[in-house]
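Have a look at these structures, which come just after this line.
What follows is a pair of complexes built around subunit A, which joins subunit B in one and subunit C in the other.
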Partner chain A sequence: MSLLEVTDLSVVYEPHGAEPTYAVRNASFALERGEFVGLVGESGSGKSTLGFAITRLSKAPARISGGCILFDGRDIAGIEAEELRRQRQGGFAMVLQSGMNALNPVRSIRNHFGDIFAAHGHVPRDKRRARARELVEKVELPASVLDRYPGELSGGMRQRVSIALALSLEPQLMVFDEPTTALDVLVQHAVMNTIRDLQRAENFTALLVSHDLGVVLESTSRVMVMHDGEIVEDAPAAQILHAPQHEYTRMLLSHYADPRAEVVELPGLAVRGATIETSGGSVAVPSGGRAGRLAHSAIVVDDVTKLYPPPRRGEDPVTAVDHVSFTLEPGQAMALVGASGSGKSTIAKLVTGVERPTSGSVRFGDDRVETLKRRGLRDLRREMQMVFQDPYSALNPLNTVEYTLTRPVVNYSALRGVDARRRVLELLTTVGLTPVEQFAAKLPHQLSGGQRQRVVIARALACDPQVLIADEPVSMLDVSLRAGVLALLDDLRVQFGVSMLYITHDLLSARLVTDHIMVLNRGRVVESGVTAQVLRFPKDAYTVELLDAIPQPARAGGAA
Partner chain B sequence: MTTQAMLPESTGSTPSTDPATVVPHLRGPASPWRVLTRAVATIWSNKKARLGLVVLGVFVLVAVFAPLIAPYGASVNGFGRNQPGSSAHWFGTTAAGEDVVSQVVFGARVSVLVGFIAGTLSTLVAVLVGLSWGYVRGPVADVINFIVNLFLVIPGLPLMIVVAAYLRNGGLPIIILVVVLTGWAWGARVLRSQTQSLRGRDFVTAAQFAGEGSWRIVFREILPNMTSLIAGSFFGAATAAILAEAGLSFLGVGDTTTVSWGSMLFWAQNSNAILTGQWVLLFAPGLCIALLATSLTLINFGVDGLSNPRLREGAGR
Partner chain C sequence: MRYILRKLGLLILTAWAAITLNFLLPRLMPGSPADAALAKLAQAGPVSPATRAAIEVQLGVPTGGIGSQYVQYLGNVVHLDFGVSYTFFPQSVSSLVTSALPWTLVMVGLVTILAFVIGTLVGVLAAWKRGTWLDTLPTLSGTFTSAFPYFWTALLLVFFLGYVLRWFPTSGAYGASASPNLSGTFLLDALYHAILPALTILITSLGGWILGMRNTMINTLGEDYVTFAEANGLRNRTVALRYAARNAILPSLTGFGLALGGVVGGSLLVERVFNYPGVGYLLYNAVTNQDYPLMQALFLMITISVLVANFIVDILYGFLDPRTRR
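This part shows the complex of A and B:
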């Protein structure tokens, strides 16, 4: 008999005063004992809702509207709260995406374990210490973390603690809901390895919910693909990889590529991939006739260091950027890559004049950016614009698209009234938001993530800048939307002849849209050069580590 | 809620090739009227707040139509003194021979007026100070911090009494001034912290990149995102103002010739109404003050949901 059998499960969201939404529709599947299964889908596909439903963690306004969940032979869809609480021991547990924030900041890690042992009483009092120690060692943490508080641990350590806490109830079924999404690239890789090893060693049944098909294929033996609330494909990992049946699965797969490959192609970006190859071979500044105005000023960053005041009294100041020098030639696209804390975003702040360097200089044309006052900064921003990481917070939720776009047009040009409006509509056409009249009248919450990011890009283009600083412009977007936004950025860059500083931790996208690359580690440049060259033949160990951390569906193929 | 935002003239329906001919003027984020109706609808959807709105509505109507509702004038004192309740004078008459019902009805005018004017003014000061304080950095912020802290640590009631006694018989405007003077600091501090958290959001940085000036960023980008906080601050300030006015009048430092619930209490206390068995003299205005303050507090429950959809949905459980 299967450990978990879900038949015709439907979950509906019934918010107050709004139409109910069916997030999960008639899902049926079974999990065998000891199986590691992946559940993949993009945002809004209902995968998390399903994960919550089978662990009975759904909260209002979500409601299980039909179907049954047989766990170990009994239906848990309708059992009462107290029975459910008891069921959690030796039953099912969940590790949340923000699990690292699920710890109580004023209680030590040992207390967290103590609470669980006391609530269920399944570990005798005198064995609790030893058991807690054993559990944290299972997730590869030293026993000393037991006496520390959540605030003293890093994100990755806290996520490991929450995995250990979930394990402490000796569950038969573990549901991991995006367990590594909120973590840094390198840490993600390490935590995923721990989860895989644990699953193999403890032999519990596990369901890995993730948006990242790469991660899932690497770890699991069977994959369920979810789209619009329905499970569209359910097959062994190898089959998903080599012979995907559903069109949606094929689409997801097409967005993975190895940045180390000779030719890198993504849907809509294939041509560009080939161009890189030619320019990579000749190690030259990218050629090509530019239709628009040429960017005419270079950004010269000369031996820049940025120190931040120490986090606590008596400690050393934090070195965010350590003697970095580079030149962004007009019309060039350069990638700044590194894990979080590598100083890449600080460099963006220094270049745009938001922060001032502790030493060294940043020059843009004839201006010294670090000495600019208010008026000078305004003039700088006429030429240098920014594309923000999070399209959900970069647009004021109360302003229409038209208003958002009109402001820079009015501020930086002589266009007023009807002319300004015409320019706004032109911008919307440029970024492909048509019909423009409809999009102009919309508020941000009526747009999808990809559409919002297009508005953000349109705003950056409004004053016809020479330089675009793109800070992780696609990291918050679904895989299927990324290629579109990247292609847009790339087209615009070539079309208008702007130079671009592309900040990212994602080496694949860096390979696709940039000519040059700089790899940063702890504020230092460890490697730089032509993108294709650096990524294909990395010299520094850190670059190799970053490359290895990228989930590769193909690796699963080898394992299976 | 979202459907309303989509309602306004759907520009897509105008089949036009020349963009210049359609909607030549800019549409703001949302017209004030639409914001207001949406806000009222949100508050109305909360049961407690609905009750509050009804009670407040009754008081406002009573205040507006006082001359029509009250059986006699507010300071007509030609009746017998200290009379118990009767069909002519439901709550009896005061020691000065005035009709108590009429006084309660007219008293609503002062309380509602003070509540709204003082509440509005102190919210206005709080918004101006709080937002600019939250947005600026450096020594200016420290100076504002010092001043606000000063107003926070000064005990409110004694200050009110001192100022009101000093500017004696200035009438209602002085009371309002005093209430505003002592009431804005708390709101300013709350709005400042929200401003500080909002100014770190990307859309504020984006507005700087779009070349916006500081004033426009503060009042056009940040302010509309704090509607619920400002509304909450207003109802809090109005409640405080109503209670302060009643307190000052009761202590006799206001203008005791104005008919308000506070001054009714003052005169009732002076004439030992409890000892003569005329408890209604104290009870009626006291209950009215409590009810009005409660109605505003109840409305504040609904205000919480204005900008936080989670709370709105949680209410359904």
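This part shows the complex of A and C:
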């Protein structure tokens, strides 16, 4: 008998005063004891809804509308609340996506364990302290975290604590819902390793829900692919990788590539800097065509250091950027890569004049950016524009696309009325949002993530800038939408000759859209050079670590 | 501990600033009470220098530089010497305030605390049982009653419960024949007199607490830590109280601090309607009779009580939210 047997499960969202949406339709699958299975899909595919349904955590307006969930031979789809509560010990546990927020900020970690032990009484009172200690050690944390509050722990530590809490239930089935999505690259890698080790050691059955096919293929032995509420493919990991049956699976796979490979391609995105010599002296081919207006000023960052005041009195100041120098030539695209806290976003703030360096200088053309006052900064922003990470919060939800784009056009140019509108429509054409009239009238919530990011890019282009500063522009987007946005950024360089500072932790996208790269670690540049060269033949240990942290579908079945 | 000391230091600093402002403001105003009185007399005929000197002495027009005045004022504040009241001459301001303060503190203070406790608990229940009658009934009636102006509620209660039904006395804090002491009969009498004003404050302030708590609680119920607590099979009581309500109460607590601070000065209208001999009624008298020493002392007391209430809430916050302790 399988541990979990799901038959014809359907989940419907029934919000007040809106059409019901069928998030999961007739899902049927089984999980065998001790198996590690992946559930992959893009946002809106219904994977998390399914994960919540099988652990009976669905809340209104979501409702299980049909089917049955046999857990250990019992149907749990309709059992009573109190019985369900008791089932959670020794039954099924869940680790949530945002482990950062899964802990009660006003209770110490020890109390979190205490609450679970008290609710189920499965650990005798005198053994609870020792058990809590044992559990946090299992997730590779020191016992001292037990006396801390969630706010005092890092994101990775918090996610480890929530894994330990779920583990304290001694579950037979663990559902991990995007357990590492909100974490930093290197931390992500480490937490996934812990999950894999735990699964092997404790031999629980695990379901890993993720949007990242790479992570799933690397960890699990079997993969279910979900699309539009249906499970479209269910096969061993190796088969998914080498002989995908469904076209959607094939599409997802096509968006993975190894940034270390000789030739890197994504659908719709051309190869960059292909002509490099593999030994020593390398020649980059900046593919920026010079058809449009040429960027004419270089950004010269000269020996810049930025210190922030210490978080607590009596401690040393925080060095966010440590003696960094580089030059972004007109029309060039440079990647700043590193884990969070490496100083890459601080550099963006220094370059745009949002923050002033503690020492060193930033020059743009004839201007010293750090000395600019209000007026000068305004002029600087005409030439330098930002593309933000989160397209969901970078647009005012109450304004139409047209209004959003008209603002910068009117602010930064003499165009008014009909001319301004013509310019807005032209911008929409540039970023590929056609038919333009239709898109101009839309509100942000009517657009997909990729479309919103295009609007953000169009807004940045509105004042015809020389430089685009793109801060993780695709990290919030679904894999299948990333290539399109990256291709757009790349096109803009070719068409308009804008230079680009591309800030990311994602080495694959850096490889695709930049010619030069700087690898940052704790505010210091550890390696820099031609992108393809650095990524293919990394010299610094930190660069290697970053490259190794990228999930590789090719390592499929690692945890089989 | 360091947290408490830091907050205490801040309290003393702001109190000093308030006292200094209270000293400076009347001196920055043009004219003085003595000038006003003299101007009135001058309309009837010329004022002799002797009359002028007599009035100035009577009203205590200060002599000496502003520096020595300030030192003297600080000394007086420390000894709670605020001079003599014009209206209730020759009673001292501090004796008037001490006799009014207990009535306000006990009646208004207790009701404010009671309203906060009941309102918060009802709010928790409403949010937890969202969508059932336990939610709609308190939410709807709370919206309704909190929209009442409280002097109007007071008048309604006086009219129906006091005048028409004659269940409760309509004015005063105790019967006409009684005199304040701590005997059982007097306390019962005082309680009986306090019911109508207390009910007024309760009715008008309860709704705000219910709505505030319910709304923040509904937000915290959507937090991941609540979902995770449910996923871990914690008991409903634990999830509702220790996870959801414990976090949702923090914004309400700030409001509670403000409400506590308003206890001393904020009950003016209710005390006026019921002729309740508290601080609000005293302040009303002081203002209508242009009793400057009394007003000045009352304003200072209101300021200080707001500061103290905020200090208490800050300390409570420190206990309830580990994030503020750092």
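Points to keep in mind about this one:
In this section, the second predicted complex is superposed on the first by the 538 of 560 C-alpha atoms of A that agree within 3 Å, B and C clash if a C-alpha of one lies under 4 Å from a C-alpha of the other, contacts with A are read in each partner's own complex, and residues count from 1 in each chain.
The working rule: a residue touches a chain if its C-beta (ideal position, glycine included) is under 8 Å from a C-beta of that chain, and two chains touch if they have at least 3 such contacts.
Source: prediction; values computed, not measured.
Per the definitions stated earlier, placing subunit B and subunit C onto a shared subunit A by superposition produces a clash between them. For subunit A, the partner with contacts to more residues, out of subunit B and subunit C, is B.
In the superposition on chain A, A:Ser345 makes contact with neither subunit B nor subunit C. Look at A:Asn399: by the touch rule set out above, it reaches subunit B but stays clear of subunit C.
In the superposition on chain A, A:Ala441 makes contact with subunit B only, while subunit C stays out of contact range. Of the two partner chains, subunit C is the only one touched by A:Arg107; subunit B is not. Touch criterion not met for A:Ser2: it reaches neither subunit B nor subunit C. After overlaying the two complexes on the shared chain, residue contacts for A:Thr55 are found with subunit C alone; subunit B is out of touch. By the touch criterion stated above, subunit C contacts subunit A in their complex at residues 223-225, 227-236, 238, 242-243, 246-247, 320-323, 326.
Partner subunit C is touched in their complex by these residues of subunit A: 55, 57, 59, 81, 85-89, 93-94, 96-98, 101-108, 115-116, 118-120, 149, 151, 162, 165-166, 169, 312. Note for the complex: subunit A touches subunit B at residues 14-18, 60-61, 352, 354, 378, 381-382, 385-386, 388-390, 393-400, 402-404, 406-408, 411-412, 417-418, 421-422, 425, 435-438, 440-441, 443, 445-446, 456, 459-460, 462-463. Within the complex, the subunit B residues that touch subunit A are 1-2, 5-6, 8-12, 14, 19-20, 22-30, 45, 201-203, 205-212, 221, 224-225, 309, 312-317.
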